[in-house]
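Next come two complexes built around chain A: one with chain B, the other with chain C.
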Partner chain A sequence: MNLLLLAAAWGVLMMFLSVSGISRATIRTIAQVGMGLLFLSTVAELQGIVFYDLNAPAMLGVDRYALVMLSVLSGCGLLYFLLSAKDMADVGSDYSEYFALIFFIFCGFVLVLSFTSLLMLFLGIEIVTIPLYILTGADKRNLKSNEASLKYFLLGAFSTGIMLMGIALVYGARGSFSTLELVGASGIPTQLLLGGLFLIFFSLAFKVSVAPFHFWTPDVYDGAPTVFTSFMATLVKVAAFAGFLRLFDHGFGSLKSSWQIWAGILAVLTLIIGNMTAVYQQSVKRMLAYSSIAQAGFMMLGVYGLGDAAKEGMILYGASYSLATIGMFAVLTRMQDQTVEGFNGLAKQQPWISALLAVFLLSLAGIPLTAGFLAKFYMLQAALPATYGMAVVIVAVIMAAVSVYYYFRVLQAIYFREPSEGVSFPAFAPGFVRILTVIALLIILLGLQPGWLLRYLYF
Partner chain B sequence: MPINYYLFLSLALFSIGMVGVLTRRNAIIIFMCIELMLNAVNLLLVAFSKMHHLKNLATSATAGTDGQLFVFFIMVVAAAEVSVGLAIIVMMYRNIHSVDIQFLNRLKH
Partner chain C sequence: MAMLSFPNIAYLIPLLPLLGFLVNGLLRNQLSHRAIALIGSGVMALAFGISLLVFYHVPAGAPTILTAFDFIRIGELQIPFAFQLDALSSLFLLIITGIGFLIHVYSSAYMHEESASHYGRYFAYLNLFVFSMLLLVMGANYVILFIGWEGVGLCSYLLIGYWFRNPAYSQAANKAFVMNRIGDLAFLIAIFWLIARTGSVSFTDLPMAIGTVGQSAKLSSLDITGITLLLFIGATGKSAQIPLYTWLPDAMAGPTPVSALIHAATMVTAGIYMIARSNLLYTAAPLVLSIIAIIGVATALLAATIALRQNDIKKVLAYSTVSQLGFMFLALGSGAYVAAVFHVMTHAFFKALLFLGSGSVIHAMSGEQDIRKMGGLKKSLPITYWTFLIGCVAIAGIFPFSGFFSKDAILLSAFLKSPIFYVIALFTALLTAFYMFRLFFLTFGGSFRGTEEQHHHLHESPAAMTIPLVVLAILSIVGGWVGIPEVLMHGGDRLVAFLSPVIPVSSGHEISHATEYMLMGLSTGLVLLSILFAWNKYKQYRAEESDNSFARLLENKWYVDELYQAAIVQPLHKLGGWIRSVFEPKVADGAIQGIGRSVRYLSQQFRLIQNGQTGNYALWMVIGIVVILSVQFFLRK
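For the complex of A and B:
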């Protein structure tokens, strides 16, 4: 649990730096160093080096799954900071606070990934979402940002209320919040327990934006400042899904006959709605928002399938999806025209950036040799043994083919269109290009050798 | 009193809150309705906590206290949420001089 302490301490440090009057460049460096330490300390814990052990097994219990997921999240967080920390300065004047909030969100990630009590799940989700409401509204003068933050806040608080009601009902049925005692020895659930289970299930589906509870996602992702959309759509969503899987695998796993079919239905609905609407988007930012819903459909297959295969899939999917989307958003933030046409003819002027973007888009679409392909493969493999698994997998494969259309439209604009008059592409700093190259290499490496990451799950 | 009474009372409060969130248009009132939902949960947790306490008193003297503990956490989180939520509403009010959420529909193109 190195990450928990370090992230909290660094969050407080960043908060105090905002009144110290030091320059933005220094603040940025301190934040990047902090995120690097977060990553290193999690990797160290994976190797058995623990600086700080919170001995509270009734509340938090770190297992390999949580640790690998946290390493993926903090690693992607580090790359995100290296790529996009500069762009945060354009959002508003509270530069240091943005970093502080992101470090606090990482504390929430630890709770969401290692809870053994529903209390910690609730606290973790709140610690993740409350700073997000602020980050969404960070662009205070921009009406779209205001709207997005209010909408996110009202719907988020509403779904929290529903989750709490679910937890209360489960508590009434079982007399305990521990995830180990959620289901009795007899395995026959009472009405109270089932009611609670479904309320928790639907509210978590709401948090991870699975259809039909996805309607807030495109507006919020579109309205939020693009740097923060990148963070919300990747790390936060992956962490929420990992917690979702953890609860329904460890906690409610033995009751799956009653809820598994619903997970399947939501997954299919999400895949269809997310992909079909993404096809019609003109703005790349909105397209990525819908594509994040579509990708959520694939991650939902993990919750549907359960077991070790789903955990492997979730980790690989989290890594590949986060890497590719963070890269896409980092380039998108710097584009002048954020529609598909804005990318016209990029390859003629910036061939290397275009090649990197191509890797990201191919990975999102799930083309072999990229991590996206294997991630989708693992998810389908996890879903196959479930009841009606075959039907769900067939829908997922068809929808993956649909997704190729809208990802390739951007690719086509980059490579096969002439640049429009008067549009100039930004110059990318060499450091920025280097980090993007690292991300693309990681995607290809994971696509060739997923065991490189997944072996940490077992030893 | 049987536990059912408490259950029905808090479910009724919860539903009133939920209907309020879905039908009202003033952001502050929606906010109050969300608080109502959270407090309905608090009531239910306290009632269940007492129920489990009486039922398991023989085996453990602290049975059921975790429910009461949870209530405090809900209160803390609700307070944090209120501070952020009111800040967001004030921010919106400064820009458009209204707290009507009809305004939110503008995001949909």
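For the complex of A and C:
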């Protein structure tokens, strides 16, 4: 629980800093230090050093899965801050508040990953999403940003309502919010319980943008300031998935005969819709938005497959997907022309940045020797033993092949096209390039030695 | 010195030609003609010496297995790189190295006009050829045999196409290679079949595969029939039987000593060897044996009729080889494996003699091969004349020349199999005597019909060529004496006894001495008549031989090549053209483009749903929820 306290405290601190009048550079440094502390405190807790423990087992309880996931999230969060904190200044004037909101979102992550009560899950989800509504609309003068924010809020409220209804039905069936007592001793669910289960399932599917509850995603991701899209599409989605898996593996796992098949169907649907639509996008930002849906389809395989393999896969997938996407978005924010053509001929002028982008794209496409490949492999392995697992895996593999098309289009533009007339590439700061290099190295390291991360799951 | 004693010394037999190949092949630009010839022939002489040693040491009982190293090991399956020394392989070793050596010596003079680097290439190929053949007969399992088998095919390709600047020769080489490959495919399938059923390819495991006393067979009768049939198809390629024989007559595009090597000592005998080696399997597959006998006798007859009307000296010999190989397959099909091996041996002697003799003639005639333009060569080429005559008599099968004994054994086995086979085989033997003596009389008899210039240049070949001829002529006379039938001499058939560890002596086919005498007398008498007929017809050359449609049919080799061209090659070309112009752009490409197009189409449709209307999004979500809940609660049980 180290992270919960620190994140809450730092969020409050950042809020107060907004009225202190100190320079943006200082604010940024304080935020980065804060995120670094978040990361260190989680790693420390993984090693058994706990300096804040909320003794409320009926509400929250951390396990190793939650801790490893939180380390991945805060670690990626640190890299995200180091890469993109500067870009937040371009969004609007409330620089310090943006950081405050992100720290609050991290509080929500802790709840989503360690809930033992459905109420805590609900709270966690809301603590994560409400700041996101604000961040989406942070570019106040931009109509698209406003529209995205409103859309997200309306549809989010809709799904929140569904989740509350589901929790109410479960409570009605079981007389308790505890996830440890979701299923009775008989193991035979009542219709009421199943109804609640499915409503919660839909609502979580909405949060992680799984088809057919994904429609908000492209519009919101496209409309939100790119720097926040990067955060939403990666860390928030991964955290929501981790909570999704936690609830349905531990809480509803024994009822999987009724819902597992739907997880498989939605995974397949998501993979198809996400990949097919991404094929046609000209804007790299929209392409990444759709590809994030496609990647969600892969992560959904974890919810479908369950078990330790799914947990390992989810952690690896979360790490590899977040790292690569954060890196892609960070470069994308700096590009003048954010279409595929905008990348034409980048390799001739910026060979090192191009090589790093190539690593990110290869990992997203799931090419061997990158973490993305192993992550997909773990997910497929988790899904294979499930009912109809083979069919689902075949679709997933075909769709992974389709995804190669649109990721490689960017790669092709970078390496095999001549630069367009009048387009110049931005100069990348050395510090920025260093962080990107670290990210690329992490992707390759995880692609070669996933045990380096996954061994923390077991002691 | 354990290495240099039996059996380890046998490793040297294939290694020596390999060494010769490497030295001559790599240093062909540095070495002189003399050195190349010395190395090429020297390794053969040494290999022959060691083969002799091995031959006299081979134990009468179980074969000696020499395992060099573990070659292939996949799970349960073990295929060692091993050699098997027994009566059959040691006999073949003698034939291959002995005749191979003589051909090498002969070649050193015959090919002397080639430039040193080509001369080196020639001897390198020749050594490699012998090496492959040695691997083939020494291999202790089908896989090693197959490696040699492929090597032989490759070397024949290289040597037939030795004069690669002539496109027709290259084409002949291609033909030989392709025909062989067709057969090889069947052989390969047979090997995999055997592995799948028995898990072993070693010859020593064959008795286990077909089941011995107290052990159930690993192969069903269907397996045995299938495997033996496929092996036989492989043999038809290598040993030039119907339907894969047409490459052999074309294979004389190579230098004449190469033809001698292919036709006598190596290559074409591989199929006979393989079937004799697999005799346990074949004995268990009577149906396939009958097929072999029919194919054999049909090939013998067909090739003999074609040989009647060929005017190229080497072509006549080539078709006679096909015909004689048919005889051998007839023997195999009749279950007389020893007779087949016997005929391989005697045939190796007289066919090598005849080819080398024809080479001597061609050499003297400054490259002329048409027998209509020869004649009267007796005076200028006395040694060639006499040795060639011995070869002709031997192949015709006159007592006591070698051909008589082996052919007699085959005719006897055919008679026991079915009188029909006997009659056809006997008729073929008469044709053989006729066309061989037609060749002989046209070449050596009468008066010279070539140009003045050729006449001027007529000369006997050098000693390096005539000595092998003489040696082979002696062998053609006495070579048959190891298999004198029981009826003529008690204990005369030493070959049967010698091969008995490999090829069990079959009993039961008893035939009365009177019948046997009668059969021998009949064939000898008719053959003599046939020779007399040929002498009468060709002692004086007449310009045009009788021209009727049947003769034309024979001259054109029954139009088999044309038939293959029309029935197989042309349709394949057409199919290829169709695939390229219709199938590939429309179907194959269409399917792949179609996938791309449908992805794009779906992509567009999905994009339309994403229209930016929040209300629509909520509606879609509700539709999704309703559908899932209805299916879950009303349809699923």
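One rule holds for everything that comes next: the second predicted complex is superposed on the first by the 459 of 459 C-alpha atoms of A that agree within 3 Å, B and C clash if a C-alpha of one lies under 4 Å from a C-alpha of the other, contacts with A are read in each partner's own complex, and residues count from 1 in each chain.
As a working rule, a residue touches a chain if its C-beta (ideal position, glycine included) is under 8 Å from a C-beta of that chain, and two chains touch if they have at least 3 such contacts.
This structure is a prediction, so every number in the text was calculated from the model and none was measured.
Asks: Looking at chain A, which partner touches more of its residues: chain C or chain B?
Replies: Result: the larger residue contact count on chain A belongs to B.
Asks: Using the touch definition from the top, say if A:S258 reaches chain B (first), chain C (second), both or neither.
Replies: In the superposition, A:S258 touches chain C alone.
Asks: Touch test for A:K151: chain B only (first), chain C only (second), both, or neither?
Replies: Touch status of A:K151: both partners.
Asks: Quick one: classify A:F202 as touching chain B (first), chain C (second), both or neither.
Replies: In the superposed model, A:F202 contacts chain C only, not chain B.
Asks: Once the structures are superposed on A, label A:K140 by its partner contacts, choosing first (chain B), second (chain C), both or neither.
Replies: So A:K140 only meets chain B here.
Asks: Check whether A:I444 is in contact with chain B, with chain C, with both or with neither, and answer first, second, both or neither.
Replies: Neither partner.
Asks: Thinking of the overlay built on chain A, is A:G161 touched by chain B (first), by chain C (second), by both, or by neither?
Replies: Touch status of A:G161: first partner only.
Asks: Check whether A:D219 is in contact with chain B, with chain C, with both or with neither, and answer first, second, both or neither.
Replies: Both: A:D219 reaches chain B and chain C.
Asks: Between chain B (first) and chain C (second), which, if any, makes contact with A:Y171: first, second, both or neither?
Replies: The first partner, chain B, only.
Asks: I'd like to know which partner A:L119 touches here: chain B for first, chain C for second, both or neither.
Replies: After superposing on A, A:L119 lies in contact with chain B but is clear of chain C.
Asks: Could you give the residue numbers on chain A that contact chain B in one complex and chain C in the other?
Replies: Shared contact residues on chain A: 150-151, 154, 158, 162, 219.
Asks: Could you please specify the touching residues of chain A with respect to chain C in the complex?
Replies: 150-151, 154-155, 158-159, 162, 191, 194-195, 198, 202, 206, 211-213, 215-216, 218-219, 258, 262, 272-273, 276-277, 279-280, 402, 405
Asks: Looking at the complex, which residues from chain C come into contact with chain A?
Replies: Residue positions touching the partner: 599-600, 602-604, 606-607, 609-610, 612, 614, 616-618, 620-621, 623-625, 628-629, 632-633, 636.
Asks: Would you mind writing out the residues of chain A in touch with chain B in their complex?
Replies: 119, 122-123, 126, 130, 133-134, 137, 140-141, 143-144, 146-151, 153-154, 157-158, 160-162, 164-165, 167-169, 171-172, 175-177, 219, 222-223
Asks: Quick one: in the complex, what on chain B touches chain A?
Replies: 3, 7, 10, 14, 17-18, 21, 27, 30-31, 34, 37-38, 40-41, 44-45, 48, 51-52, 55-56, 63-64, 66-67, 69-70, 73-74, 77, 80-81, 84-85, 87-89, 91-92, 95-96, 101, 103-104, 106-108
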